[in-house]
Amino acid sequence: MPINYYIYLSVILFCIGVAGVLTRRNAIIVFMCIELMLNAVNLLLVSFSKMHYAKAVLTDPNTTVGTDAQLFVFFIMVVAAAEVSVGLAIIVLMYRKVHSVDINFLNRLKN
Amino acid sequence: MNLIIFAAIAGVVMMIGGLFVKEKRTVSGLALVCMIALLLFNSLELCTSVPVFHIDLNGMLGFTNLGLLINEVLLLSGTIYFILQGRDIEKVGDNVPDYYALIFFVFCGVGIATSFQSLLMLFLGIEIISIPLYILTASDKLNMKSNEAGLKYFLMGAFSTGLMLMGIALVYGATGSFYLNDVVNSKAIPAAGVLPTAESLVDTYRLIGGLILLMISMSFKVSAAPFHFWTPDVYDGAPTPFTAFMATIVKVAAFIAFIKLFEGTHDKLMGKYQMLIAIIITATLLIGNITAVFQQSVKRMLAYSSIAQAGFMMFALFSFNAMAKEAIVLYAAAYCFATIGIFSILNRMDDYSFDGYNGLAKREPLLALLNTIFFLSLAGIPLTAGFFAKYYMVAAALENNAGFLWMFVIAMLCAAISVYYYFRVIQAMYFKTGDGQKIEASPVFRYVLVGVAILIIILGIQPGLLLQHLYF
Amino acid sequence: MNITQILFWFLSALAVGSALMVITRKNPVYSVLFLIITFFAISGHYILMNAQFLAIVNIIVYAGAIMVLFLFVLMLMNLNSDTEPQKNKYMIWSGAVAAGVLMLIIIASLHTDIKEPALNMGQGGIGLIKHLGVVLFRDYVIPFEISSVLFLSAMVGAVVIGKK
Amino acid sequence: MTNILQYAWLVPVFPLIGFLINGVFRNSLSKQVVGIIGSGSVMLSFIVSIWLFTGVKGAEPYVAHYFDFISVGKVAIPFAFQIDQLSAIFLLIITGVGTLIHIYSTAYMYVEEPKHFARYFAYLNLFIFSMLLLVMGANYIIMFIGWEGVGLCSYLLIGFWFQRTDYNNAAKKAFIMNRIGDLGVLLAVFWIMQKFQTVNFRELFDAVAAQHAAGTLNVNDPALVGITLLLFLGATGKSAQIPLYTWLPDAMAGPTPVSALIHAATMVTAGIYMIARSNIMFTLAETTSNIVAIIGLATAVLAATIALKQNDIKKVLAYSTVSQLGFMFLALGVGSYTGAVFHVMTHAFFKALMFLGAGSVIHGMHHEQDMRNYGGLKKYMPVTHATFLVGCLAISGVPLFSGFFSKDEILMGAYAHSPVLYFIGLAAALMTAFYMFRLYAMTFRGQFRGDAHHLPHESPVAMTAPLVILAILAAVAGFIGIPALFKPDAHILEKYLAPVFEGSAKLVKAHEIEHGTEWGLMIGSTAIILAVIAFAWNKFSKYQKTGAEETGFGKVLENKWYVDEIYNGIVVKPLLGLAAFFNSVIEKSGIDKLVNGVGRSVQYASRQFRYLQSGVIGNYILIMVAAIVVLFLLGFGFTPDFRAIRSLFGK
Amino acid sequence: MILVSLILIPLVFGLGSFFLKGTDSPKTFALIASILSLAASLYAISIPVGSLTYSHGWLGTFNSNFSLGADGLAKILILLTAVSYPIIFIATSRNQYKDTSQFYALMLLVQAGLMGVFLSTDCLLFYFFWELALIPAYFLCSKWGGDKRIQVSFKFFIYTFIGSLIMLIGIIYLYSKTSDHSFAWSSFSRVVLTDQEQKYFFWFFFIAFAIKMPIFPLHTWQPDTYEQAPTATTMVLSGVMVKMGLFAVARWLIPVFPQMAVKMADTVMILSIIGMIYASLIAMKQDSIKRMIAYSSIAHIGLMCAALFANNAAATQGVYIQLFNHGVNVIGLWIVANAIEQQTGTTKMSELGGLAYKAPVLAILLVVMALANIALPLTNAFVGEFLMFNGIFAYKPVFAAVAIISIVLAAVYTLNMIQKVFLGEASGFLKVTEIPKNTIIALSIIVLMIFAMGVYPNPMFHLGEQVMGWAMKK
């Protein structure tokens, strides 16, 4: 498949994630949409990894080009997991206080 | 390297130490000892450029004088911060050792952010800085504002992480590597005078797209407009000692990361995109300064002021020359010292509004004087470090960018606006009538604060004392 | 249209479709479930590209662990249905438009007419566990160790936040 | 030169010393001492002046250079005195009349408290000092120092009784109107410096003459006309000519001796002195000369008409002064410089005499100045009456009195220039005779109309003695200027002054009037004047207070043609209005509002910007996304498909 | 070294003064300091220009030195600064301030800043001192001023600060354009700029100086500040500090942008002259003596600024001498205003009147001061104004003709003031007595100077001429 398709797909998913962040008010959903964005990036990285591999393999069949991107994706997942633990902890803390996860109610701090 | 390793170790020490030490003062003392140790280790590396442990870095990290010097400045600020605000950190909540541990982890991230050579390390560094901060922000669990700030910070920070990753992905797509050197030398950046081929143009687009996204996410981290929105809310909501920490050390570290990130590509590529930086600078200066004018709370004003100061620090990104590096070091020092000083006094006050400062000069003449010096430094008045910080920034940027004269004029007008809100505090302290709040201040606190003020004035007269370390 | 292409289009449609469902469902539980479907679709793409390790990790970590955590929290909060109050029309429209424009802009920025070599689907050993493992523990030991600091801080953080 | 002239500096130094002593020790000196110092210093000057007068001989003026006042680059202004015939005559007038008036003042001002008495004499001495500087200065700057100095003293003396607001106003008015004229002088000086690179009289006039001779400076050269016009502007201020004359009548607020000295005899003739001094430039600038003549004549007529209807004795004299000064300017304008100086001299005598006489009357009448309340004073104040009558005769131009000679010389000069000038001048002279004798008759003739309980009394000797001396002078001073008509070569004054006006004399085409015509004019005019005198004498000796308001034209005259009101309306009010407009509108609501507005707009912006910080994450991220879009657009160069990037990298 | 001591004496004494207690000791202390610095400056003035330099390395990295130097212009202004301080301290020694020691300390710090400004031959150093003079002044105005002091002095501060920041851009830019990358005056005056650059940076510099002077329409901070500031500070502000602007134009603007100074002369002069007339007219409408003096000062400064740009030696010399004379005169006027305020508690003309009865000495001294203010011959101001008008006339007669109107207006408002305050019926201030000795001494010194300089100004010209050789070298 042409790399462009993957780029488009990733961008579309990414922007759906952005749209979710923008439109939803439930903090958890917003957070999920951010995860969706990260996944879109992961997909893009993997496809770029394959793209570079595809280019490099033409000259060197044993090439390992593209490995780093896949490891990067791995690290993203690691970080995402850590982030989720912290994020959900904060959301739960919030919920315990106000019994709501509506981010629009988060407006004690403004101006 | 020393910083990264020992900061991580210090974090663990604090975690474990917390299990055994119940007395909060002792915890603070332990943290201070760790901090001084970090400072010494980093000084050692700065002087000898040999780390304690030899680790094969695989090109992921690279240590330069700039990074180490900034580390030094930040660690010094950190030491001062611990001395001056240890008491206040103890008051935030019950998990004091954990707070210190998180702060040390942040320092670990700071070490990475000032030395990364690979986008992967950038990502990890920024995340190691961010995640503890989310927690520190939300750490005052009884305070709704703190919780709210934590959640806001977290959601927006995660969003910007997404943007950053998208940028990194695009850069990778263009260059096939995460290493800064490879990015700079990749074919995606057409060499001067060489006509780009159609293929390389595709990569160029991706690179530019990626860099713009990176720029945006880093702007977010340094709270440059219009990506600054988290800053006032978070700084306002977070427990004050942690606000001080975020506003100074973390922000400067993010700046260094920002600068390192674009250092290489600037000459070849982003140099042509100075307009973008100029727009961000202008927006940051205007929004930061103007919004700060109407604030009622000093703490929140300082948040906007930190945005405004970020605008000035962005000049280093605009110019990218040898002087810009000097400028950022000096600015980091001036800004950190002054802001930590201000926050240290603010911490001890009950009323954070401007009126809370009324008549302080009568009650605490020394503290008022010191506070004045700090504010003057932030405002960039000569004889304080802040003047030379701004001076270097502008001089570096002006050196070969006369076309952006309008930006400098705006910057200077904004500097004048900044005087407006900084001086409101001075006015309150000296000229308004009031009883002045009682401020608990131990002699050590005072001496250290005086030391900071002297440091600021020395740097304001002879900035070379600090800057010479950049070169040998 | 060979099988790869068919799978590609199917998985893409699935991913986009379920992603849209994620952001449009009112009930957060549905959102979580659709997100899991999206993740599965993405894992499918990984497999198409012969990135088997990531495909598995994606399912285990994301779909398996993270999303379950989400679901768990949702259940804990009893946010199963209609807890999201009246939506703000302006917010939805402006959000959708902004995201749409962003998408157009990014795509337009990256769009070219150049025919680049197609990805060789299902080939290449770089995505295999064996290879990745070697590289991870040889070249990427520094970030690997550093991510431990990240986890430590996350752990400490969770404790700080979670402790009563 | 002779040794005598080297002591010229003594002349101004005596009054200066007097000023300093009286000024510094005013609280401790007794009135007698003050009077002696004040009068004595001027008398010493007078003595030196006489000495100088006799010492001035020949064509070359004596210039004494003391030190460099200003010397910067090309500007070199020495502090130097110039003694020649013109200044010698003025010195005599100033110190001579000055001495008399000082003596007179010791009696007139005796009622004042000692410190005010001393203050008065200090001012008076300072005035003499300034006036001497004015006439002795060897360049325009020193002259200007004196010029401003006399203005200042005039201000101080008019406002001597400073508790009276209207007096202060009068003083202020005098000073400011003089200042307007001074601007002219200053500008003229600048122009002179630019054009001739010197302000020293000798070098300047030599340069003018030389340039004219060399053909580089034509008659009516624009620069010259400009310079002379500006100088004349100065003269109109100082010498109370149209349009700046209105201060002089108001200046009568000062003590009467002051009016006599400053506002009749000396200061107001400074303008004439200046023009006479600069005669060569005025001669070459014919346009200006014509303007001077016309303005002089117009002033003479206008002031005379006003004087016809005034009831305040000092006001009549004041307008009379303005009118007489107009005559002098007429003389200057028609090139009869000697005539002008002659009239200055005779006028100094008879006008000082009349002012002092009026002062005596006022003194005797317990500070009543309204003539309608006088009448029949001849009986009570015989000396005053007699001397005053001499003055009136002199000013009216009754033959053999001094005024006759000087006025005749002026009118003849005017006739030679243009008969129209002559006849208008004659009309003014007739009016002079009328109002002077109206004054005389109303004051001294008829029945006493004042308060019978406060009968007037004759003044002390200190006051009458100067009157007598002045009366003698007023009667006989004319004989130094006997016209050629009576006896050729008998005009002593003309011969004496000849070196000063030598340059001009060469340039002026001598209009000789036939002797027959001259006799005719002289006899005719004298006859009419005598008739007018008789009419006025007759009419106003029977004057009775009616209390009726003047109507019609009389009212216009009584109100001085409403000139003050007109000035008020077209200059003062608009200026104050403009000032108020600037103050309240431009300054406060304009510039300051603008400046504060900048600050306020920042605050306003601040308040608005705060709303961006809505506290809602969705909005924050929305703005961020929008910013991303914008940055992408900018980064890729705005075109829909970003083709611009190609040109960026593809050369 | 003597130059350094000129800065150091007030600086050290100023800092020392912070530690004094009581009310009398700081006054004495400050007076001693000011007399010391007067002595030092008299000594400095007697030294020929050539050997009056001092340089010490400062910021090696960008070639900025702590270099001082005095030419005639600087000498005149040093003398002014040094002379005015003792006079001010004597004249206001009866004024009571809370925290006396701080007040005098700040006053001395201002003096140090002023000295530094006048002596610096390094542009960065100049900027440093420029600001350093401002900050203590700000504190003085804000802490010890009138009711509206906080807003007013803040406006003053921000206004001048904006100007100096814009100038800073210019300084930095010019620095980068100097051939030897140096801030030295000599390098700046040799800098080569394009027309476009000249145009921009001329205005960048000029705005800063114009605000300081102030020139219409940037003057609005001034009357408020003068009115609200404590009188001693006002004296420094109007007597000495505004001279910084003119000094800077003469030292840092015209020599650095010679062509632009010629090209822009018309614009600047027109602004200045409008300002003169405008300020004079407004002065006529003021009720407060202080505001009147303030506006009068604007008019006078406008004249000096216009004359500086007239580009001829006479006018320049006129300005130099007038710098001193105006300083002396305006300080005298403020002393009178202060005396009136101390005696009656008000400076509103409408509330005053007839003071000449109660305080004849004051009245006489005021009249002398007023006469100097309207530049009557034989007072010092005449010499300067004469030369300046002369210079302007030589440049463009029309300008002189318009500008000179201000002399008449000056007479109007000055005489008005005299009349309303001193003349007329004595108003209700029965308690008013003759002014105290200290005021009389101070005013007498000023009056003596007024006449001395008015009759024999040549010594000052000789001082000023030392500028000519030095500054016209290029």
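Letters A, B, C, D and E mark the chains in the order given here, with residues in each chain numbered from 1 onward.
Criterion: contacts are C-beta pairs under 8 Å (C-beta built on N, C-alpha and C of every residue); 3 or more make two chains touch, one makes a residue touch a chain.
None of the values given here were measured: they were computed from a predicted structure.
Trainee: Just to be sure I understand the contacts, which chains border both subunit E and subunit C?
Mentor: B, D
Trainee: Could you find the chain whose CA centre sits the greatest distance from that of subunit D?
Mentor: Between subunit D and the rest, the longest centre separation is with C.
Trainee: I need the chain pair with the most C-beta contacts, please.
Mentor: A-C
Trainee: Which chain would you call central, comparing Cα centres to the global Cα centre?
Mentor: E
Trainee: Please flag the chain sitting at the greatest distance from subunit E, going by CA centroids.
Mentor: C
Trainee: How big is the gap, in whole Å, between where the Cα atoms of subunit A centre and where those of subunit E centre?
Mentor: 65
Trainee: How many Å are there between the centre of subunit A and the centre of subunit B, using C-alpha atoms for each centre?
Mentor: 26
Trainee: For subunit A and subunit D, let me know how many angstrom lie between their CA-based centres, rounded off.
Mentor: Roughly 95 Å, centre to centre.
Trainee: Using mean C-alpha positions as chain centres, tell me how far subunit D is from subunit E in Å, no decimals.
Mentor: That gives a centre separation of 36 Å.
Trainee: Which residues belonging to subunit B are in contact with no fewer than two other chains?
Mentor: As it turns out, subunit B has residues touching two or more other chains at 120, 124, 127, 131, 134-135, 138, 141, 152, 155, 159, 170, 201, 205, 208-209, 232-233, 420.
Trainee: Name the residues of subunit C that each touch 2 or more other chains.
Mentor: 91, 94-95, 98-99, 102, 106, 109-112, 116, 140, 143, 147, 150, 153-154, 157, 161
Trainee: Where in subunit D do residues touch two or more other chains at once?
Mentor: Subunit D, residues with two or more chain partners: 599, 610, 613, 615, 617-618, 621-622, 625-626, 628, 632, 636, 642.
Trainee: Can you name every pair of chains that touch?
Mentor: Those chain pairs which touch are A-B, A-C, A-D, B-C, B-D, B-E, C-D, D-E.
Trainee: Which residues, counting only subunit D, touch subunit E once they are in their complex?
Mentor: By the definition above, subunit D touches subunit E via 67-75, 115, 141, 144-145, 147-149, 152, 155, 159, 162-165, 168-169, 171-172, 175-176, 179-180, 182-183, 186-187, 189-191, 193-194, 575-576, 578-580, 582-584, 586-587, 591-592, 595-596, 599.
Trainee: Which subunit C residues qualify as touching subunit D in the complex?
Mentor: 91, 94-95, 98-99, 101-102, 105-106, 108-109, 111
Trainee: So in the complex, the part of subunit A that touches subunit C is made up of which residues?
Mentor: 1-9, 11-26, 28-29, 31-33, 35-36, 39, 42-43, 46-47, 49-51, 53-55, 57-58, 64-68, 70-71, 73-75, 77-86, 88-93, 95, 101-102, 104
Trainee: For subunit D, which residues are in contact with subunit C within the complex?
Mentor: 618, 622, 625-626, 628-629, 632-633, 636, 640-642
Trainee: Can you name the residues of subunit B that touch subunit A in the complex?
Mentor: Its residues touching subunit A are 120, 123-124, 127, 131, 134-135, 138, 141, 144-145, 147-152, 154-155, 158-159, 161-162, 165-166, 168-170, 172-173, 176-178, 232-234, 236-237.
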